[in-house]
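A quick write-up on the structure given underneath.
Chains here go by letter, A, B, C and D, matching the order in which they are written, and residues are numbered from 1 within each.
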Amino acid sequence: MIIVLKRGAGEAEVQEINERLSQEGFKIHLSQGVEKIIIGAVGDRSRLKALDLEALPWVEKVVPILAPYKLVSREFQSGNTIIKIGDHEIGGEEIHVMAGPCSVESRAQIIETAHAVKEAGATFLRGGAFKPRTSPYAFQGLEEEGLKLLAEAREETGLLVITEVVDVRDVELVAHYADILQIGARNMQNFFLLKEVAKTNKPILLKRGPSATLEEWMMAAEYIMDGGNYQVMFCERGIRTFETYTRNTLDLSMVPALQSLSHLPVIVDPSHGTGRWNLVPAMTKAAVAAGADGIIVEVHPQPEKAVSDGKQSLTLANFAAMMEELAVLSQALGRPLKGARR
Amino acid sequence: MIIVLKRGAGEAEVQEINERLSQEGFKIHLSQGVEKIIIGAVGDRSRLKALDLEALPWVEKVVPILAPYKLVSREFQSGNTIIKIGDHEIGGEEIHVMAGPCSVESRAQIIETAHAVKEAGATFLRGGAFKPRTSPYAFQGLEEEGLKLLAEAREETGLLVITEVVDVRDVELVAHYADILQIGARNMQNFFLLKEVAKTNKPILLKRGPSATLEEWMMAAEYIMDGGNYQVMFCERGIRTFETYTRNTLDLSMVPALQSLSHLPVIVDPSHGTGRWNLVPAMTKAAVAAGADGIIVEVHPQPEKAVSDGKQSLTLANFAAMMEELAVLSQALGRPLKGARR
Amino acid sequence: MIIVLKRGAGEAEVQEINERLSQEGFKIHLSQGVEKIIIGAVGDRSRLKALDLEALPWVEKVVPILAPYKLVSREFQSGNTIIKIGDHEIGGEEIHVMAGPCSVESRAQIIETAHAVKEAGATFLRGGAFKPRTSPYAFQGLEEEGLKLLAEAREETGLLVITEVVDVRDVELVAHYADILQIGARNMQNFFLLKEVAKTNKPILLKRGPSATLEEWMMAAEYIMDGGNYQVMFCERGIRTFETYTRNTLDLSMVPALQSLSHLPVIVDPSHGTGRWNLVPAMTKAAVAAGADGIIVEVHPQPEKAVSDGKQSLTLANFAAMMEELAVLSQALGRPLKGARR
Amino acid sequence: MIIVLKRGAGEAEVQEINERLSQEGFKIHLSQGVEKIIIGAVGDRSRLKALDLEALPWVEKVVPILAPYKLVSREFQSGNTIIKIGDHEIGGEEIHVMAGPCSVESRAQIIETAHAVKEAGATFLRGGAFKPRTSPYAFQGLEEEGLKLLAEAREETGLLVITEVVDVRDVELVAHYADILQIGARNMQNFFLLKEVAKTNKPILLKRGPSATLEEWMMAAEYIMDGGNYQVMFCERGIRTFETYTRNTLDLSMVPALQSLSHLPVIVDPSHGTGRWNLVPAMTKAAVAAGADGIIVEVHPQPEKAVSDGKQSLTLANFAAMMEELAVLSQALGRPLKGARR
């Protein structure tokens, strides 16, 4: 930690900081610049937060040197985390595609979709059973009935199931049915929910909040790992910017950035990332070329009749066409699609 | 609702839309432009969401005409909502100041602060008992013990208590101790929490999410009102932008904007809005001049020892000095400070 | 400057940095943390830019300690800069209001507006003669004819004239007619234009770019001062954010922030800052309460017939009403309106 | 154009709008909803801007139906624009890579770089001769000397030259030396500069402004085409968002979005888009997978000694390694690298 004092700060001020830092076990290094005094402090990073030195009137700024996260960092674990689910490995050589509708709407809809995406090369079925919606007047999900339909689709197709958990009270229920628990973008900093899912033994897909920085996102993953669950995947799904043509701005640079800073797998969601189905195939290919370990994408048999997110859903035919292109691309990149027909 | 068709769309497409809209009870107006066909549809706004017309390949865009909110709008209620709490009225002529520390830390800290802010003219005591923090390694609040200390400070000073509820499982507990329940910025779209607080009979202060649009914010208030609780206040606390000098960008234009679109009171939080205590007095005055019904501000006896948010907390002396200036300003605006000594 | 090395960097790397820094005349402080090596360097800030140390593969980050601006900072000049124009002083005790249409459209329009805003208490007439527009098909301004009409309005009313210069080739021409040269938001980092206006002896109103940080804005002012013109005013006019209800997000926290960091006056433009005329009076009052030295606002005799920005223009009557409220507020703040009738 | 009236607007208001629209040659279509009156107007889009209907107090909003751009749109020209420069075609099947230093610094530097990037497969040499910098104290470019060095490098290697023009007074000079004129991000809406480059017969690479929407960017291209120069390429180089880990947020979704709306080629700049050299190879591959027609990337023999942008520059070796991977990827996508060795 570097502490820069304001002009005019003198010995008394330095003395006061010294005492505080010493009490917390920090070692001090004083540096007298031409214009300003700079104090370097070395010690236990977990004690740093206890000192709110920027509240001191003669402190200009405090610059942390060490990252605030630990367990998620590549300094903690240099090799990639590979998450094993059934006979799948996420974060390894192969690319995984998770596909399905925004919401589970009916038995017919989810079973038809599951067969089609399986046939096209997906390995996971996605679908929402609990749907927190911007409007209280909109469809809110089939709830447990939806979870059962997802489980039934898994039975029929062999696809594994990923679905979102939105309420701390439902974690156990959702974990009973799902193979991966998804934390939605709006809940990325719902720390109580993070603590609850950390108690399960299910892998977690942690979506980036629409206004979350890379560091905040990594800190949210740190919550889950600190809670004892080390099977965490990041999912980039776009951030909120001034651009309104797309629903969000898909920030693919997070893929190599996360891979440089962390050992955890990275998945990309081009459906929420763009909000427009016709941009999804291009951004899916871009995500894989950027190094993503997988894709999660919205597919619906009749997007124009979907109860939610129809605008960004691929038809079954469009999904199948995209998967063919993706298989060629993945192969060229040396990272074959796990579910591709050979 | 206006539906613009892509170039090349013809009678068959118009026919298909007509049928769908008719099934939902909409009336149709067809308008043939030089280059494009435009369809106007008039009907029940609550059925709109059931039609995801933008998913149709030959629909260019759908433009809603009516706002998606209803209960929060000034068209629903033309006069201002005035929220009565004890002998206070929020949203009326008088300005209210809610002040206190970010976190309740100890009996001594909260009682000292309460006496001082009361003396300076505050009418409500703020203080967090449950503290969801970005880092799992940071202080997480005194929990129920903190609520009891707030209640004790109310006993001693007569200040009413506002505190945040962060977990659906704690709503009843917090409502037992607090006079106003605060929904924090990160929970603005935690719709399960909104539904729970809607069931209490306590007024709700709804903070704006750091990346929430005006419309999304109003929809979150609509959730609470739709759940049966009409005592809702908006609280502008800054949005996330590219500017990093301030912690957030305090968007004071929301004050007159909300007052034009809604009948609910508007409070401003200049502490989180700026993240720097030395900017707080100027922004407090600006908020009141913009028309805010009240201010919520962080005050701490020793900001440099605060366990959280010390950088943005006023000292007791700085708060008292600010309140003197605010009293003069409020008086000139014809909206006296409720708690000011006369 | 603080240089943090990556884990694993050793003596050879430190040695290399030492040599480079020494060549540029810096003094070095080495600090060996538990996990990382940190190097402090003290020297001439103008040489810093010559060293792109972050390009070194084993440098994790470089943290500048000193601000990159000098002439604009309060450390360079502790007292406020007061800009004298005619018998007006901007940056002193009195508040100035600059008002007029977005574009000069006709003799009748500008003369009528000038008389009305003078009568209501404005001291400067604003109006654009060169209008760079988003669309090539939109009205582009009356050019020199517009400047002449502004000068004529000055003759008639005694108001001084502020107008924008947009092209390096027009600086001399505009400076011939105007009392203050305005640099528009889109040109804030048009450094060639900044250098040209620095050569004139006219005061400069420097609008903030829609995506400019506080530091970039101050650096743009530094360009003008470095070019020899010390009469610079900042003008906050809103930044681009995700919120689309308002045209921009007016960032009033910049008023106290600039006043803390710089000695230059600060003006606020609530018209571009909101894009909606009905929000302008509230934001004007807020700006003055936040400490602004003046306001620049769009006024038009018939906003609905304006060739540009009608949506954000006040009518003459609305402007007059706002000025009455502003006079009361300013008086209460101890900063009377310069142009107010007494 | 759709005009929505506020509640309470009646016949007189409709009558007034009718008259105005009729005067401009529009045809009117009235639609009486349950709650609001809606007016549809069909006519010449170039007259739209003359009517500032949103300034009318009883108009709630005006919704344009037609895009404001014309020449750049795919509706104007359905086939892709292919720009021929020498024996290169940009926008055709082949991918082009433009590479070189941020600034031309010396003869040795630019010649060494040119040979290396040519050898690795680039077809264009980039390099700045005029460098507008954030700080007045930073290196500002070699100016005409830099242009001459670029021309010399072209002589030696056969690479064509792309370089930025920043001042209207230099357009002729730069056009004399360059094969493509670059409009930098900060100048995207410098409409005077756009008009000047439109007069040359050189192809233009138009960088996206850091806070420009897709529509504003297309309107800037419209300026150039309206000025008579149809050889325009878009260049996505990142937008400014709240994320600070990367210098900008590279918005690759603009590649398929532009290709759907416009016929002009799209280039991507991953160097400015990320600001970190180690993220550049991943984002280069992602850009090509997203469908970009080319890449412009910063390469420097010794990034740590570069006078500008060293942090985001690839070394010659890193560039060569990236090009090998890119050649494989491009081949798999059916769009070979123009400059690749076979």
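The definition used in the following text is that a residue touches a chain if its C-beta (ideal position, glycine included) is under 8 Å from a C-beta of that chain, and two chains touch if they have at least 3 such contacts.
If you're wondering where the values come from, they're calculated on a predicted model, not measured in any experiment.
Asker: Measuring centre to centre with C-alpha atoms, which chain is farthest from chain D?
Answerer: Taking each chain's C-alpha mean as its centre, the farthest from chain D is B.
Asker: Just how far, in Å, is the C-alpha centre of chain C from the one of chain A?
Answerer: Chain A and chain C have C-alpha centres separated by 39 Å.
Asker: Can you check how far apart chain B and chain C are, centre to centre, with Cα atoms defining each centre and the answer in Å?
Answerer: Chain B and chain C have C-alpha centres separated by 31 Å.
Asker: Between chain C and chain D, what is the gap in Å from one C-alpha centre to the other?
Answerer: Those two chain centres are 27 Å apart.
Asker: Going by the contact rule already set, what residues in chain A reach two or more other chains?
Answerer: Residues 211, 240-242, 244.
Asker: Is the chain-to-chain touch network here best called a line, a ring, a star, complete, or other?
Answerer: Graph shape, chains as nodes and touching pairs as edges: complete.
Asker: Given the complex with chain B, which residues does chain C contribute to the contact?
Answerer: Chain C reaches chain B through residues 211, 213-215, 239, 241-246, 249-253, 255-257, 260, 273-274, 276, 278-279, 281-283, 285-291, 328-329, 331-333.
Asker: Per the contact definition, I'd like the list of chain B residues that touch chain A in the complex.
Answerer: Residue list for chain B touching chain A: 46, 49-50, 52-56, 68, 132-139, 166-169, 186-187, 189-192, 209-211, 216, 219, 222-223, 226-227, 240, 277, 303-311, 313.
Asker: With touch defined as at the start, can you tell me which chain B residues reach chain D in the complex?
Answerer: 2, 4, 7, 29, 31, 33-36, 38, 40, 42-43, 63, 65-66, 75, 240-242, 244
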